[in-house]
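Listed next: structures, encoded as structure tokens.
The same chain A turns up in both complexes below, where it pairs with chain B and then with chain C.
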Partner chain A sequence: MSAYIIRRLLQMIPTLLGVMLLVFTLFTLVGGDPSYILAGKHLTADVLANIRAQLGLDKSLPEQFMIFVRQVLTLDFGTSWATQQPVSDIITSRIGPSLTLTGSLLVVDLLVAIPLAATVAYFRGGLTDRIVTIACTVAMSISALVYIIAGQYFLAYKLELFPVRGWSDSFLVNLLVYVPLPLLMGLMVSLGPDIRFYRSFFLEEMNHDYVRTARAKGLSERKVMLKHVLRNAMIPVVTTVMMSLPFMMIGALVLENFYGIPGMGNEVVLAVNKSDFPVIKAVTIYIAIATMVFNLLADLVYKLIDPRVQLK
Partner chain B sequence: MSMKRHVAVALLAIGVGSTLHAADMNKVLHDSFIAPETGFDPAKVSDVYSSSVNENLFDPLLTYDYLARPAKLIPNTVTAMPDISADGKTVTMRIKPGIYFAPDPAFKGKKRELTAADYVYSFKRVADPLVGSPSSYLVRGKFVGLDELVAKAKGGRLDYDTPIEGLKALDRYTLQMKLVEPTPGLKYMLAMPHLSAVAREVIEAYGTNTNAHPVGTGPYMLAQWKPGTHISLVANPNFRKVVFNYTDNTTPVAHRVASEMNGKLMPQIGRIEISVIQEEQPRWLAFRSGQLDLVTVPQPAVRRALILDPKNPWRVALKPELKNKGVQFSRYLESEVTFYPFNMKHPVIGGLSKERIALRRAIAMSFNTRETISDIRRNQAVQVQSLIPANVAGHNPGMRVRHPYDPALANALLDRVGYRIGADGYRTQPDGKPLVIDFVTGPTAIDKQWNEYWQKAFDLIKIRVNFRVMQWNEQQKVIRECSYGMAGGAWLADYPDGDNFVMLLYGKNVGDSNYACYQSPRYDKLYEASQRLPDGPERDKLFDQMDLVASGETPWVYGDTRFKNYLSQRWVRGFVPHPVFNVAWRFIDIQK
Partner chain C sequence: MTASVHTAPGMAAPVSKSLWALGWQRLKRNKVGFVSLWVVALYLAIAIGGWFNLLGGGWSREIAVPYAPPSWAATAETEQLSSDVTASGGDASAPIVSLAPEDDPIGKELAAARKEAGKYALPEVDKRESLPFGADLRGRDVLEKTLKGTSTSIFVGVFGAVLAILLGTVMGAVSGYFGGRTDDCLTWFYSVFTSVPDMLLLLSFAAVSGRGVTTIIMVMALTSWTGTYRLVRAEYLKLKNREYVQAASAIGASHTRRMFVHILPNISHLLLVQFSLMTVALIKYEAILSFLGFGVGVRQVSLGSMLAEAPTELVQGYWWQMLAVTLAMSVLVTAFSLLVDALRDALDPKVK
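And now, the complex of A and B:
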């Protein structure tokens, strides 16, 4: 097991190098020149040259890449080109609100979607299955923006059930006051596809021979479903969840924008619009690292769920 | 209108030197920005939102009367308006004693008084290559010896301790500026937040992160900054005693503001909470639900909030449902022009030959600005009629756009100068080469909407157009490098003087603010003559002539000037939009 983990950790090094090369090349080719944004309305050659020198854009591309490598090794991405604030401070302040929303959304989504998916799979073809499947299809065919706009207008503004938007410095206040509405809207968007997706995992497991055998051996339905089907169906669920975890870091842009949540989604879009390369670099690298780490964790969790899985 | 009918002095400082909190710390004003700020170092930032905050944190030498229209300069941290020598090259001002910076650890527990030396340092800093100020145009080439000092720095840090002739503190409170040449527009620049005073010890204490540590002498100080999301300001306990004393009662607005504010101290509101709300719906609903105290009506909400006259953009009223709730409505025509520059160096569309001028005029005559004002602007704009917009010194209300919408005339003009329609139904150049206009545009939905109207215009005169889509910074790059055909542009006044607009076509500003890359000897001669004249009828005459030259040679298609519609909650007192100030926080009060 430890040899496997060490091997996987070592494999991350060339992967990360590839990501760095890709990010650097893409930004250099299509990222745009931020000096034209920072120079303001009265742009002169002098001002432009000063700004380029301060951003390090006057250095050769290999030099710029080596600076990037050093930043990754030290995990110090310098300061934002747009606001001159330390990138680490920006990410630290933004990641909390994003995780508060996306984390609670993920937990509630799993708690609702998995039991519902298991139930409708169990009653496959029945009225419950058909109602839930149709509801999911209808829910999926409505744009996320409609939920967000309509939810804010009716539930917050008209019915005054929630605040229209906002965020505070208190985690508890955020969780109890400001998160519920975007969470609800996020659920409206994610539950439909998730229930259908997980339902297919359960159905696939329920059609396997071992389930028939278990039933033939006289095991109770409860035991068949919870001990056999659920455990095996959890492997693809864990994969899906683990793959989605790194992206929780970048938040939910539209929800954040509409509900005033100062999260990463907003920051990423601002960084892209302003060609703020230090922030783009940091976010990309952190997501790449998180993806690799969560992939490794997913493999380890497989082993925990199903001891037959061999880690090679 | 006589000046006496305006305010004699809007804000009267009846005593300075005492430290007291004018503001009620329990009063909190909630406002919003529609785009993120970038920081609060006055030398480093140039965007509207950062400058809006800086207006309240820092003090330039001069400021504007809050109520006078058109905008009128008044002394701010100085005892009187600048004393200018007969040759116009020496400007002397005396700083009011007893003005203090907001408390900051950099002052080591002592109260720090504002002195003339602070302005000398702050002005030099704007020219410092290491600061990379987007406002360096305000000082470079203006003060004797400053450019030489910058050259000596060779791209490194400026030697602030080397005295220069152009910027001197004659004593603790007397500031003397020696100009390279007379600069009548200097007074406006001295009122810009970028030339506010900062304290050297603060700047040096915070190194490169001065954007997060603004310390000024203004009525507010920064309490919290979450970049791109939230800004909190609190009243500066060291702010000097300033009493509102508006003496102009000639207009209903002035009367209302005077009755609501006179006798009170500045500022009244203890805390200002600013949220960045980019989406229009949450901003509008936040105002409607009382979470915001002020809002500019977002475009989609215009028809829900206002009663419009489709035939007359000037006629507008607040809808009764809002009026009944006590919501207050104010409106202001921005000091701006929007325009479509032609690249005058472009091989197909540029130049001053008869054919090219005719081509540009025909394009100008094919675009229906009235239609876009109605459809895109929702009737919340008026057509630009001249280079200098209304509410700006030098504006001539008698000027009219010389190439109004007339596609038939445009086609006739093109036919006459040889742009013939080919077999494919589109025009070619007079020499038979294909004619395609390279139109640089952005990727957003609103850009696409504008492009549809431009496509329609080009179709009317049978000219092919190629919309080249690129991000905003890339657009700026090709415009500054004169490597485009046509583009969109807008210019919001830096200061309310015509000079700030006529300079947009001055030949030496190519690569800077002259987006059209226009170099006309006739125009440049008039511009240079205007630079030697103070604001007045003689200069206005030159401005009119420049307008006529530019209209004739047509480096731009004139666009529109937008109205800004402000709503404030019933408990807001003393609010009126100002043509120069971005925000009015320090001038208003709330009484719930």
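And now, the complex of A and C:
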């Protein structure tokens, strides 16, 4: 087990190196000279040379790449070009709001989608199944943008059930006042595909021989479903959830942008708008590391739930 | 031709053809799938019409008063609203305060200017009070905008998907077929691209490149080839040792020929499904990118850039542009998704 983990961790090094090369190529070679952006209106040869020296742009490409490697190893990406704040400060202050929204979105989504998916899979082909499947298809066909625009207009502006947009410093206030509307709109987008996805897992499990055997043994339907089918169908569900965790860190991009939530997603959009490369670089590297770590965790959890799984 | 399809199911050559023929038959039997096919075909026709400016080519012309309501929904209230707009904004020569010409300090100049006005007057455009689907802020026809926008969105989706499929297929085929170091290399490349979330990758690309349709298509292809790569690689790993491939190598077929003439047709149905799935996903992505301001340029229109105008319009009560976009997009996405389901069923060799 520990040998497996160490090997997987070692395998992450070339991948991380690749991500760094990709990001470096993108922002150094394709992105052009950032000193013009930074110089702004005070464009003189002196200012440009000064900025270049500060950023290390007067050095050769390998040297510049080494600076980037040092940044990644120390996890210190310097200061934001737009606000002059340290990048690490920006990220630590933005991650909270993102996780508040995406975390509650994940919990509510699972609480609704799994029981519903199990129920419709159990009554497969029946009226409930058809209604839920059609509802999911229709819900999936409407753009996420339409939900957030219409949701804000009707539920917040017209009916005044929620605040139109905003965020506070208190976690509880955020959770009770500012999260519900984006949460609801996020659910409208995610429930459709998730229910259909989980339904297929349950259906597949229910067609296995062991279910017939369990029934033949005389187990009650409740026991068959809860003890056998649910447990086995949860394996792919847990894996999918684990894989989606690192993505929660960049938050629900459009939701944050639209409802004025000061999270990572909003920060990324702002950074892209202002060509704030240090912030984008840092976020990309952090998310890449998180994705690799969570992929490994997903495999370990997989093993924990299903002892038959061989980790090699 | 049809006879050989039915009589020779065991022979190698006609089987690959009969998969498509059988698939077509099954698709025709599936009513929902068949209707979806026609709806998608209609949209593709709109997209091509829009490309050649046959449909929606005049979307940027101002042909109505700002926010002219849809004619079928125009009530007395909205008529009043739009005529107010014309009264205050349209008729500039109307005197604002009634001063006698001799009391007015600039009366002489005004009178002279009015006399000369006819010389320089622009041809008066007869702006319409209402349109079948209403107008936007600048009095542009929402129907034409929607047609042109749908066309742009479909083109971004289709070309992006084609490029991504090409990239993914060639890399997946090479990786799965040759294996070894080539496979290690390409799989490393794949894992690099998958460890950065799509949206972040899209935005990073958008940050360094300019705006515009070509850029979005390139960026989408570069970020979404990975799914196809994994699928194609797995299929090639499975198929490369099959007997028909060995037979091909025995008669001297080159590697390229074996990869793309012999193996590729056997996975083409998977690619078709993958292509349709990706087109829908990219149409949705384009909308989100344009909404956030990283999509099509300001001189172009897409469903996403139209939706970006919707929040401010809704607050003022102008709902028609958003409704038109929502309808156009929902029908397209629903038809496409149903078609993908039908295609998957029809082309699955395991079914009957």
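Following the convention adopted for this analysis, the second predicted complex is superposed on the first by the 304 of 312 C-alpha atoms of A that agree within 3 Å, B and C clash if a C-alpha of one lies under 4 Å from a C-alpha of the other, contacts with A are read in each partner's own complex, and residues count from 1 in each chain.
Here is the rule we go by: a contact is a pair of C-beta atoms (placed from the backbone, for glycine too) under 8 Å apart; a residue touches a chain by one contact, two chains touch by 3 or more.
None of these values were measured; they are calculated from a predicted model.
Q: Putting chain B and chain C on the same copy of chain A, do they fit or clash?
A: These partners clash in the superposed model.
Q: Mind working out whether A:S88 is in touch with chain B, chain C, both or neither, as first, second, both or neither?
A: The answer is neither, since A:S88 touches no partner chain.
Q: In the overlaid three-chain picture, which partner chain does A:R165 touch, first (chain B) or second (chain C), both, or neither?
A: The first partner, chain B, only.
Q: Looking at A:I37, would you say it contacts chain B, chain C, both, or neither? Reply first, second, both or neither.
A: A:I37 contacts chain B only, not chain C.
Q: Contact-wise, after the overlay, does A:S244 reach chain B, chain C, both or neither (first, second, both, neither)?
A: In the superposition, A:S244 touches no partner, neither chain B nor chain C.
Q: Look at A:Y153 in the shared chain and tell me whether it touches chain B only, chain C only, both, or neither; answer first, second, both or neither.
A: So A:Y153 meets both chain B and chain C here.
Q: With both complexes superposed on chain A, which partner does A:S275 reach: first (chain B), second (chain C), both or neither?
A: So A:S275 meets both chain B and chain C here.
Q: Kindly classify A:S141 by the partners it touches after superposition: chain B alone (first), chain C alone (second), both, or neither?
A: In the superposition, A:S141 touches chain C alone.
Q: In the superposed arrangement, which partner chain does A:G18 touch: chain B (first), chain C (second), both, or neither?
A: A:G18 sits against chain C, while chain B stays out of touch.
Q: Give one of first, second, both or neither to describe whether A:N257 is in contact with chain B, with chain C, with both, or with none.
A: Both partners, chain B and chain C.
Q: Please pick the stretch of chain B from 26-34, 350-358 or 440-448 that overlaps chain C when the two structures are superposed.
A: Here chain B runs into chain C along 440-448, and the other listed stretches stay clear.
Q: Taking the two structures together, which residues of chain A meet both chain B and chain C?
A: Common interface on chain A, chain B vs chain C: 32, 149, 152-153, 157, 257-258, 273, 275.
Q: Please output the residues of chain B touching chain A within their complex, sorted ascending.
A: 36, 38-39, 44, 46-47, 129-130, 132-137, 140, 155, 208-212, 226-230, 275, 277-279, 281-282, 285-286, 288-289, 291, 471-474, 476-477, 480, 491, 494, 511-513
Q: Applying the document's contact rule, which stretches of chain C touch chain A when the two form their complex?
A: 188-189, 191-197, 199-201, 203-209, 284, 287-288, 291-294, 303-304, 307, 310-311, 314-315, 322, 325-326, 329-331, 333-334, 337-338
Q: What residues of chain A sit close enough to touch chain B in their complex?
A: Per the stated touch rule, the residues are 32-34, 36-47, 50-51, 53-54, 79-80, 82-86, 90, 93, 149, 152-153, 156-157, 160, 163-167, 257-260, 262, 266-267, 270, 273, 275.
Q: Flag every residue of chain A that touches chain C in the complex, lowest number first.
A: Residues in contact with chain C: 14-15, 18-19, 21-23, 26-27, 30-32, 137-138, 140-146, 149-150, 152-153, 157, 246-247, 250, 253-254, 257-258, 268-269, 271-273, 275, 277, 280, 283-284, 287-288, 291-292.
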